[in-house]
Amino acid sequence: MSKKHECIAMLLAGGQGSRLGILTKNIAKPAVPYGGKYRIIDFPLSNCVNSGIYTVGVLTQYQPLELNDYIGNGQPWDLDRMNGGVHILSPYQQIKGTEWYKGTANAIYQNINFIDRYNPEYVLILSGDHIYKMDYSKMIAFHKEKNADCTIAMLEVPWEEAPRFGLMLLNDDNSISEFEEKPKNPRSNYASMGVYTFTWKKLREYLIDDEANTHSSNDFGNDVIPAMHSAGEKMFAYPFDGYWKDVGTIDSLWEANLDLLNPKVDLDLSDESWKIYSRNPVTSPHYISDTADVQNSMIAEGTEISGCVDFSVLFSNVTVEEGAVVRDSIVMPGTVIKSGAVVQYAIVAENAVIEENAVVGQRPEDMINLDEWGVAVVGASVTIGKGANIAPKAMIDVDVKGVE
Amino acid sequence: MRSNNVLGIVFSYDYDYVLPELTNLRTMGSVPFGGRYRLIDFALSNFVNCGISKVGVITKSNYQSLMDHIGTGKPWDLSRKREGMYLLPPFSNASAAGMYAHRIQALYGRLGFLNRSNEEYVVFCDCNVVCNIDFRELLSAHDKSGADITIAYRKGMAPKIDDTLVFDLNAENRILKAALKVNSQDAVNYSLNIYVMRKSLLERLLTEAVGMNNTDFERDIIQKNTSLLKIYGYRVDGFARTIDSLMSYFNINMELLKRENRAALFDPERPVYTKVRDDMPAIHGLGSKVKNSLIADGCIINGEVENSILFRGVRIAKNAKVKNSIVMQGSFVSESASIESVIMDKSVVITPNKMLCGTNNYPVYVGKSIVI
Amino acid sequence: MSKKHECIAMLLAGGQGSRLGILTKNIAKPAVPYGGKYRIIDFPLSNCVNSGIYTVGVLTQYQPLELNDYIGNGQPWDLDRMNGGVHILSPYQQIKGTEWYKGTANAIYQNINFIDRYNPEYVLILSGDHIYKMDYSKMIAFHKEKNADCTIAMLEVPWEEAPRFGLMLLNDDNSISEFEEKPKNPRSNYASMGVYTFTWKKLREYLIDDEANTHSSNDFGNDVIPAMHSAGEKMFAYPFDGYWKDVGTIDSLWEANLDLLNPKVDLDLSDESWKIYSRNPVTSPHYISDTADVQNSMIAEGTEISGCVDFSVLFSNVTVEEGAVVRDSIVMPGTVIKSGAVVQYAIVAENAVIEENAVVGQRPEDMINLDEWGVAVVGASVTIGKGANIAPKAMIDVDVKGVE
Amino acid sequence: MRSNNVLGIVFSYDYDYVLPELTNLRTMGSVPFGGRYRLIDFALSNFVNCGISKVGVITKSNYQSLMDHIGTGKPWDLSRKREGMYLLPPFSNASAAGMYAHRIQALYGRLGFLNRSNEEYVVFCDCNVVCNIDFRELLSAHDKSGADITIAYRKGMAPKIDDTLVFDLNAENRILKAALKVNSQDAVNYSLNIYVMRKSLLERLLTEAVGMNNTDFERDIIQKNTSLLKIYGYRVDGFARTIDSLMSYFNINMELLKRENRAALFDPERPVYTKVRDDMPAIHGLGSKVKNSLIADGCIINGEVENSILFRGVRIAKNAKVKNSIVMQGSFVSESASIESVIMDKSVVITPNKMLCGTNNYPVYVGKSIVI
């Protein structure tokens, strides 16, 4: 309730997420379901409240309806505040005309008024497509201690993966000496996580300069950060060593879900001291019948299982009928898998129906040509007809007829 | 009758005495039920699902856990600026000089709250009845019959509670005679203690009863007035069960393992709302074996579970066995321990290799936070 | 909490309100302050909750920041609901591209998904620039009773004003036989108030047809209503006889404020049974000093008056210093009127400063040429310098220097 | 010390007895003050303005009006999913066997609440102190001094309350001696009964005190421990007044007619939040005359008002005169009636032509809803 906000967070939720294909046909990427009951955006939002940050702007311009609806008044994350709380910020018409967000930096630029209203010392810039648990308050303390203008959260990645990331070369005091954007021959394996803490006064200046620069792509990584660096601002890397995963592709989304079943993976969602909040479905506990066999799986409330489920993540209100098999798969809320159907190495989106004896996906060991293998995806509300066969790597967003 | 013209009142503590084990540290309204609920959830959800937006919760003692559960009323959308949820504890106003023993006294002590409410009708009920009833229909039946009072009832074996009323009704469902239940093996029309009437009538009846030194709502108000007032019954055919003992508590929980009972009690058109705990989904480990069981979020199961109900955050270790049991929130069954026909309250720990065993008709109760 | 919503309201708050000039430079018209502590949108929102309608979509695309901020989570209007509540609906980017709202009907068309989510029987269409108290539940009851497809709220206006309105010719049963849009020689004085009740199934069809019609301007009054009429749908007029005022111009906004001081005007804001809710400022009661003289005025909390105030509406946290005079004027929150200054026949927006001995506006009786007379307007945060003179009808949105 | 690591506790009823007239139907926390506030608003606003997000409100009896006022805590943004406002009435848990008479007993009865809270520190205070204090500074003073306990005090005439502590302090503000106030005309350092300490220390002190059968917090815990514990004072120089009688209640209200006092108590950097009533702004009618007065929203004034405080929704008719008075919510002074030096409780009606008159040093009190 205190009027001054030391730090507010701006969450870039704008991307169309086209690499997630039909999963983001009708919803923004941050609203994609994850982990049995969550959506991707639950992670940054929960990190914020757990870190004591109670004012969050969510920047979005693409398919915000479901995201809007999901976030609602922010109550599930304890972000329904009289002062602060969570706000969805879409582009709007100004007296001089309109602009869609041109880039990440422009999105923040267009919301300078919003930020100024809270008069924060620091602004945290987050993205809406990463799964991780992080105490931002420690990063902010680091930023303060270093008296930095910009602090970038950094992760040590395996050298072979380094070329996929924006990398940083560091001095002994963790100040950043050089940036490398996805280099072929990396000289560092310190990757940027896309989590930035800025001293707002500084960032504000650079955003205005960046907007005035007609050659700029108005992006943090390409424009604002390099500009600050070349102007000699104090930039530091804050080391983070927990679980962190970009879920921007079908494969990484599939993996990140199944990571939850791997006891060796450092992502514990049952930790009482760092809860991940979400809008909970209103359903009864899940039911496992006498005919079911459930192994090494995560099952959400409201689901009823009479078939076989192995190494899979089932969201709420899923039905797996007797004789159906689900393995190595992700099944999103409300989907029905009928008797005799097999779902394997697949992601099935919400409210789909897999009719009797249909087969979705393929095990890699059953493939002749392993290059053709990949996770199969069935879109929301799609029906896969009786006995139909959905090939690996397929993306199905219209009903598939049954095979007699 | 517009339902935002109806005031809901729930007695959170009535019949605490039929479940002494579970109400030792809490009141009936906060007794856990069905894997993730507390008993008051059913009353509150029935209210809000029909559009009632003002609810008074009458408490007496032992209501800290109830307050923790209902909080500001947000899960039921009863955290309002106008209307919403009102906790009505004893001693909260100057005139309530003592603790009320009876329903009449309890309601009379809330006359101020009743007077200040703008609603024209009032519905009140207890927490020991587990049901999902379309109150819209109940209210419209009350409206159509022109009744002064409508009481929901069920046909079947009456619960073993002494002051349960049983009714003789005519073809129009008017109650001709209300008698106190006598023990019998016959199906009777027994009251579910869900009452609808005009608020003004309730106010008058209470004032008269207190003036006459009457104390018993069922006997002194309902039984006595079956001819003076038009009292109608409303027959409930859906899922409605009255908890009258630990045994019936156990059995009613176990009834939820049948699909048709779940479908009736958890009708998606009239959802049952409860406090959100933000647990992760349950995990069934490699080598676990679960049959015919209800499992709430937050459970981690590595052992065997059969014919049981596991509340949120229960952990069953490797080689542990849980059969015909109710295991409440946060309890833990260690490696190679085994329980059968047990009701385990919250945060109980069964240490490794221990075995605890009740019978089908005599489940063993283990109190909160006990380590065995 | 009941899942079905019999009726939801859609509030068209989109207009730029250019006739309000500098008052809407930075804020959407519905967010314009009115009546000492309210904003225009408080009236339709309060009417909704008082009528038992708890789901309201607010359609806006112009300067929504302050409106968003004002509405927040909807708590002041008891519209912070778990299911339903108030939602700001801006246009958004869809997979096939983007569109701003082309017209009032298109704005609703773009939000068909939003409405469908609540599956209502009826949809109430409201506009965000009228001051009135109306029980919409009675209008909906009328709509049901007549088994209508569309019901239009109607007001009997003086014949001489009728040419400014959209008019309706009625049959004996209040069904509409003909429409006339601002005719020179009106044949009716039954004016449309811009409040519509539609049976949603019907409206949905017409919106889809209207969108498909490339010749349509996608407006309710010009396109959808005439289309329904010519197709022979059942259309009725619902008579309303309370206070109703369009506050779309400076003069009407000024008048509507001063109407609150006229005991003959039927607009009682102290009626406990029909409260107008608003986001209340957090300030102490207002203070009238020993040197003040306050007559026939409305004064909000937080204001401190040491000068002369007559026939005026003063919002919260206004300061009128000793020796200053405010008459026949509207002074919005936070404005300071210094010693010796005179504000008359004027609207002064938020946080303005009228320096010592400045004069804003003119009394009509002091004018030589009455044609040049009109209400003077000082914009938000503008400073009028010492001794400066602001002519009647002026609109000042930059600081005015003092006169030595 | 991060303030979300601090638990706030407010005693809603302490010192009810110094204002018997106003607390007959309510408790100290819900006594109206300053035109639109209730006394608890100051404590709650002090808490939330420094970032405290969990607050327990200890009640005893007569707290219905307090519950109506604080509701779900939304005006203070304390309607939370985690943390937020917790009402702590008596009889709410099984172990609280009786009504507590003393601060020690009251706090001891809430040990469960204290234990369950994760906060490391606790601040507690009463409702009869009207103040706007930057608790951030208080907490950081506690931190810097390394004190076990910090108590806010003020230098001046001690309030006329028997158990008020007065302190001797050294240059570092450590309390060397704490004595019970004796009547004297000298300025002393008197306690504002605002305490800061570690939660664990409070828990230990309470448990020890109850074990020793001690009952008086000031005497048995503070006075006795000035040498054993490091107890520091925190001097408050802003607006802080202790209500010790009806007369002081009247005078402290009237102090708000001075600009500097309003500026100090209603500091825009630390706003005082209260329940929103959605009244329209006040209307000053033609021919009305108001001088040196505070007027809340909803008032309609057609008569004369001088040196007075009018709460929300007060109506002063034509030719009526109100002077040196406090008129609470919804009261009405009819045509040609006249009142001077009067404290009118809520919803009082003065009928036409009546005159009621106290004196400067003996204001007349008129009880709630009385018609004169």
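As written, the chains take the letters A, B, C and D, and residue 1 is the first residue of each chain.
Criterion: a contact is a pair of C-beta atoms (placed from the backbone, for glycine too) under 8 Å apart; a residue touches a chain by one contact, two chains touch by 3 or more.
No experiment lies behind these values; they were computed from the predicted model shown.
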Inquiry  = Taking each chain's centre as the mean of its CA atoms, which one is most distant from chain C?
reply    = B
Note = Note: of the two pairs B-C and A-B, more contacts are counted for A-B
Distance from the mean Cα position of chain B to that of chain A, given in whole angstrom = 40
Ask   = In whole angstrom, what separates the CA-based centres of chain B and chain C?
value = 48
Request  = Please list all residues of chain D that touch 2 or more other chains.
outcome  = 74, 79, 81, 271, 273, 276
Query = What positions in chain A touch 2 or more of the other chains?
reply = 75-76, 80-82, 277
Query = Along chain C, where are the residues that touch chain D in the complex?
reply = 35-37, 75-76, 261, 269-270, 275-278, 280, 282-290, 292, 294-301, 304, 309, 313-315
Message = Looking at the complex, which residues from chain B come into contact with chain D?
response = 24-25, 59-64, 67, 71-74, 79, 81, 84, 86-87, 89-94, 99, 112, 276
Note = Per the touch rule above, chain A residues touching chain C in the complex are 16, 25, 60-65, 68-69, 72-75, 80-82, 85, 87, 90-95, 98, 100, 113-114, 117
Message = With touch defined as at the start, can you tell me which chain C residues reach chain B in the complex?
response = 1-3, 49, 52, 75-78, 80-83, 277
Remark   = Residue set of chain D touching chain A in the complex reads 2, 4, 48-51, 74-82, 269, 271, 273
